[in-house]
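Have a look at these structures, which come just after this line.
Two complexes are shown next, each including chain A; its partner changes from chain B in the first to chain C in the second.
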Partner chain A sequence: MTQPSPQDRSAVKDESMLRQKQMLASHFSRLAAAPESGDKVVYTFVPGNLTELLLSFGVVPNLPEINALQSGMRKLSGDFIAAAEREGHSEDVCTYVKCDVGMLRQGNVGPTGALLPPPGLLLLSYTGCFTFMKWFELLQQEYSCPVAMLHVPYQPEGVITPEMREYVVRQLKEVVIPALERLTGRAYDEDALCQRLALSAAAEDDLVAVLGSARHRPSPIDAYFGGVYYLGPIFSAFRGTDEGLAYYRCLREEVEARAARGEGPVTPEGTMGEERYRLVVEGPPNWTHFREFWKMFHDEGAVVVASTYSKVGGLYDTGFRHDPSRPLESLADYCLGCYTNLGLPSRVALIERYLRDFSADGFLINSVKSCNSFSAGQLLMLRELERRTGLAGGFIESDLVDPRYFSAANIKNRLESYFQMLDQKRRHARPAALEACA
Partner chain B sequence: MTLVAGIDLGSTTTKAILMDEAGAVVGRGITNSRSNYHLATRIAMDEATINARFGLLRRDLEATSGLERDLLRGAAAEFLDRLELDFRRAQYLMQLDALRDSALQEAAGPRLAARSSAITSRLGPLFDEMAREAHESDGHAQRSQFFRDESASRFGEHAQRLADRDVPYDLLLGIFDKAIGQVEGRVFDRSFERCIRSALAESRLPVAEPRTAGSPTPTPRAALRAAVSAAVARILAADVEPAVTIGTGYGRQRLPFPKEQIRSEILCHGLGAHSMFPGTRTVLDIGGQDTKAIQVDDRGIVTSFQMNDRCAAGCGRYLGYIADEMNLGVHELGPLAQRSTRSVKITSTCTVFAGAELRDRLTLGQRREDILAGLHRAMMLRAMSLLARSGGIEDEFTFTGGVASNPAAVDALTKLVGENYGGRRINISPGSIYTGALGAALFARTVLRERRGD
Partner chain C sequence: MTAPTLESLVARAETLFRDLDLAAVRRWKDAAPGRKAIGHMPIYVPRELVHAAGMLPVGLMGGGDQIEIIRGDAYFQSYICQIPRSTIEMGLAGRLDALDGMLFPAICDVIRNLSGMWRMLFPDRLALYVDLPQAGCPELAVDFYERELLRLAGELSSLSGVPVTDEALAASIALYDANAAAVRDLDLFRAATPWKSPIHETYLVLRAANLMEVGEHTRFVRDYLAAAAASDRPELDQSRVVVTGAFCEQPPLELLRTLERAGCYIVADDFVLGPRFIRGPVATGDPPFRALARAYVERGVSTASRYEPSRKKGDWLVETVRERAAEGVVFCAASFCDPALLEQPMLVAALERAGIPHTAFKYSENLGQFQVIREQAGTFSDSIRLWGAELPPQEAVP
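Then we have the complex of A and B:
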């Protein structure tokens, strides 16, 4: 096989990006057209999203978290948050919520410029974030529409018991499915659901291969900054769809080709140069200064080889797959296994596993004060991981979508100090420390 | 002798350290950071170079033999102290001349043309008086090591006395502000050579002339002067240019060095503290705009750190605002707080609200010293939280940065450490403000060794 020219490579590299862009644009167009087309719209959350089930009823999902982060990336969130604060929302409230409320106040124009339709149902998948309840409480007052609450039990021990699964399945049968039947006037169609679950499982295999490619040296992907793009379709409306499957197949091919060529990740600054640090990152990224934030890593040759944020919408690399042979049970397992639903010991164990599996040099926590479900206990995690692995942990603080809470100088200072600390530790590594990391 | 340098470009002050190959500090320099980091770096380095030359001069004279050694015995240290003070005075006068020129130029400018002669008639005597004070002072009466602060303080006093309806106080201060900026923006070339020669001419030699006739030729004083002059000439010829310079501090990105010559201040403070106190395991550094809690291992290598986030509450700048509000110098706050008999509980250390908090307390009838004691404790409570986040306080605990020279801050910290962690040895070096620069110089020394393949 002949080596593709650089032009060919960039064309191949871009295909998944273009595909995703088109997918998202058509999704938002479909949402905007819903009042005319008669499509039913359900608002739901990324963790514990039941996309296959919604699609089996023919409804269109809308995810306020995705809208908020998109608003953040498009520099719109500051105004939205200010609008919510004028209404009385406190400075300490989750900024996704304020961004969403503010967007609503300013005409509910979504991130692509298309109008967002009102929901016919609020599907409140509760997976460890208490704020979700308050958020949909606000939206319920706004839209006066029904709410279907799916209460997913927290996993303090990291084990899904039969009782937990049964509890979720029962709610699916008794609360969620009847609500969707009422909304659409259609009966629950398990065959349609199973077809979608099969598509999901196949796409999940490809996604796991993409994320696993970071085991290569150099890693062909960045599993945090690049990772959030890779997860776009599966976290939003495309799990269990043909487009989703095609996207992940395409992405996997691109990434495997890059790995075969020994190339680093594609970044907004171009292909990554020398891979100097391999990191695992815990916590969500900052969206308002996403590119600037990424550049701080890029400039230092730091590549994120695994991240926990990319698991909030589903944890697939520990073996879980949606399963058409046990449709509702596998949906329950999916919800129970989302990263936000895991207790601190499970989170520590997962990061420890990533540090070893991906031969990381250290780990970094981006702590978001207004996101308690993530940030509570992060310092305890840091200490425990340092103790278990002997690897150095770094700690930075920013926000999700409030531009006021991104202090570039402070973050850069901490990151540079952290990278230099890794250098210093490497130069003076003691045999004992090496053994601990082995 | 090959030297290396470490420069710590802080938000308030810029510090420089010159170090020899053996790791001994041979020169230290400090200046206020201004808004021009390049200049601040250059001036701090000039200061360190001067300090190094004085150090070398001491070593040189101590090695003198023969008649001069006998003459110098016991008197060398006193003479060199005298020489250094005279040198500082010569330096001060040189800057004062420049300040006078700039102020007179400002007064003659188009903006003040109508009142030019009235202003000049005040400025002339004012600067004469400042020069006279400098000539008469023995050097110890200097209030600050920075020309800006020292001259502002003295200018202010005289301006208050000389101001009237025609030339109000504020107008004179405005002229000073313009002029000082120009003086600070200037580098005084060959200042060491010029100042040392004039200091040498002025300094009284601590050697008595013989009382009897037929004294030996040359006289002891002349012999000593010749010995010192020869030593000065040797020192002036000595190469004190650093072979490697490493920069650190908040303004490190603006330092005129490539990236490889820049180190994080966290690493530098860790290593600097370790070098001063090798038993150090936890370091607290409170600088102008940030507070750092650092854990180091037995080699001074940083293992964990935490920094203040988003705001400078409880940092050095906070004390600066409080001092401004109270019309005091920052260095006066600590001693005043130590006179407190009853600490007031304060929870907010927001720098922006510092003034409001203070006025509110004063309105309630609370005493200044009690409020200050409360503020120092509140500041240290924030530091304790950061320390806890970084992993706690291990023995030994070293406190660095400008705030470490504030006795009330040290008292409050010591008390809190005792309450929360029990017995911990707390180290504070008189040169703690140089910790970051010291760490940077140690990194520079490592680079030098690596280059040489040691």
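Then we have the complex of A and C:
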């Protein structure tokens, strides 16, 4: 979800990319310096992260999922996972967890090569994934620090009830905020929080404009591979900051300019050529072969116009914004609304909507072995979406950060067959059902 | 009336165990007009609510090794456990048609997502997600869960037409408390005299809770206890072990027999955990919805799917080993079971701190080969008897 610093020579870096790179470097420097500077560090998860609240207390967030995916991109995750499995962690479970445990065993050196500091608090935002709970229970064995559990109810029917919201707000007031007060010795400052929420909302407007730009033909963005770069700041430590706001303003301007020039997305291989296929993708990407994976799409002229993975850290394009006029309530709604916290029927409905709104030619599911939260039920989603839309669905399997589960030849074959199927479908008219609703 | 024989009781339990078409549920429904039944997945749902709404709660625990998966595999990738695919298989084959609704408790992402699949596949049947609390603060958890119970009661009442009043719920709680007491006696009986109650029998008697009305099951357990206590089965020289990790997808019956034949008396386990989920009676003087919520939060058993802020990981397992005078622990988890397998390293660490031997293997509900497990369990059983003698006094079982 964040800048992987690809060593590409061919692509021209936009200002937003350079900006993001600097932001992340300074964030990791601040983390590394925390033991000396006295900054308090809180580990937390991307879905349901409470960045504005943490920043209002002056603490520095560290997100183990991001460290794990960075380790995947840097080809370090295989060794980390092996180290964790040697210690008795099962081969069957989420590789993010094992990657993190293995990284810890091998010195806890973070993505930039600097040491990651231990946490002062584990903020367990339990949103959309059961494994989160186990992950921080495991980390609690390693660090003698408190855990603040924030249980976010699931949305089986895609509805946030007042009871759910109130439950989360009460936990914020009675569990999370007191834990942050104890950690920092500071009192909760709602004004400071509200200022940050206002910055978040403005950045979210720009992000939504960026994601919405994919409605253009050709799309000026890739909402999956490119999307993980665009979402880096807002999913991590930069929601509610001036830098975050400036980043999204800059990104939006670049994307709008590209759209006005009729250009496709920037990719590691350079600007995308002819847009041949417009796809919606469900499921996280593979990180160990991220660039190779993206290139398979690029080479075929396939652009992802909407993705669900880019919604795990918050679903903004359906209207949600952080809201300084109801600070804790809007944080609760944010946590409740993350993509994997939605029931399967809501997930199907969202993808169906994307297929229509973004005039997609088809959809693809990348089913990752690690993640039952995403993956359990995806085969039914595939059937259901095909049935409802008449569009072709593709299904590929890989993993997040375990290189053993990325079979390039197999995935390439499947993708080629899928694109052939799209070509065949193209010979027929676009399904009438979609035209009617488009 | 003469007391039922051990053989007849076990035969009845085994018939229910094999009743994947829910013939017993159909008979129950046919016995009076308008009766309805609600299925539920493991590990725990508040069955008292279903009962108070005038319906039969029916525990579903997968298809075991008794069904061939034809359709279910088309719904799940190879790296997902077996129980959701056999449940879908049974649903699509019409074997669960006797059920008027389903409850899916919040125990893992697979069951969670299965609840959504069920809604899509069977849109005309009630499918409710039971969001169990995981809060860091017990009072908040109780408040949340009480509201959740009220919501569920409303949904169940709409289906059955029977309102869940405080009086009705209190009466149901009393019945389930009596059942839990009988099941607890069964547990203790087995721990004290495992040779009188072979594990596959205890297991079948427990599993019968899935398909019987609660009062009938309580009598059934009591009858079994009386018959087993009167038996003259000989005590064998076996080791005493705790089995953990099998709380959801169930091991095949043959696997349980294999463990026992390999020399392990299982003196504590987490198979069919639902009827044993709450320690002590639910009824405590609180209003019934509150009492049910509080019992879950404060006196629910420790298991991998629950967050327990106040307990050190694995303490419960070490305590169980000591309380039951066990000599070792067998980790027995379903393949790809996230809760069990993510929990396991923490439990192993707790056992190692306490000097308690352990071994581990995985299974799937349709496993057909037991030779490797038999050898592993046999070796473990032999070794822990030696180990036990070598343990320093403070680590020896009391």
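Everything that follows uses one rule, which is that the second predicted complex is superposed on the first by the 414 of 438 C-alpha atoms of A that agree within 3 Å, B and C clash if a C-alpha of one lies under 4 Å from a C-alpha of the other, contacts with A are read in each partner's own complex, and residues count from 1 in each chain.
What we mean here is this: contacts are C-beta pairs under 8 Å (C-beta built on N, C-alpha and C of every residue); 3 or more make two chains touch, one makes a residue touch a chain.
Worth saying up front: this structure is predicted, and the values here are computed from it rather than measured.
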Dominant contact partner of chain A by residue count, chain C or chain B: C
Which superposed partner A:L379 touches (first chain B, second chain C, both, neither): both
Which of chain B and chain C A:R414 touches, first, second, both or neither: first
Which of chain B and chain C A:E181 touches, first, second, both or neither: neither
Which superposed partner A:K425 touches (first chain B, second chain C, both, neither): first
Partner chain in contact with A:Q141 - chain B first, chain C second, else both or neither: second
Which superposed partner A:E397 touches (first chain B, second chain C, both, neither): both
Partner chain in contact with A:Q171 - chain B first, chain C second, else both or neither: second
Set intersection of chain A contacts, chain C complex versus chain B complex: 379, 397
Touching residues on chain A, where the partner in the complex is chain B: 379, 383, 386, 392-393, 395, 397, 405, 407, 409-410, 413-414, 416-417, 420-421, 424-425, 428
For the chain C and chain A complex, residues of the former touching the latter: 74-77, 79-80, 84, 106-110, 112-117, 119-121, 128-129, 131, 133-137, 140-141, 143-144, 147, 151, 304-305, 307, 309, 313, 335-339, 341-346, 348-349, 362
Touching residues (chain side chain B, partner chain A) in the complex: 250, 263-267, 290, 299, 301-307, 309-310, 389, 391
For the chain A and chain C complex, residues of the former touching the latter: 87-90, 92-94, 97, 124, 126, 129-131, 133-135, 137-138, 140-141, 147-151, 153-154, 156, 163, 167, 170-171, 174-175, 343-345, 347-348, 367, 369, 372-373, 375-380, 384, 397
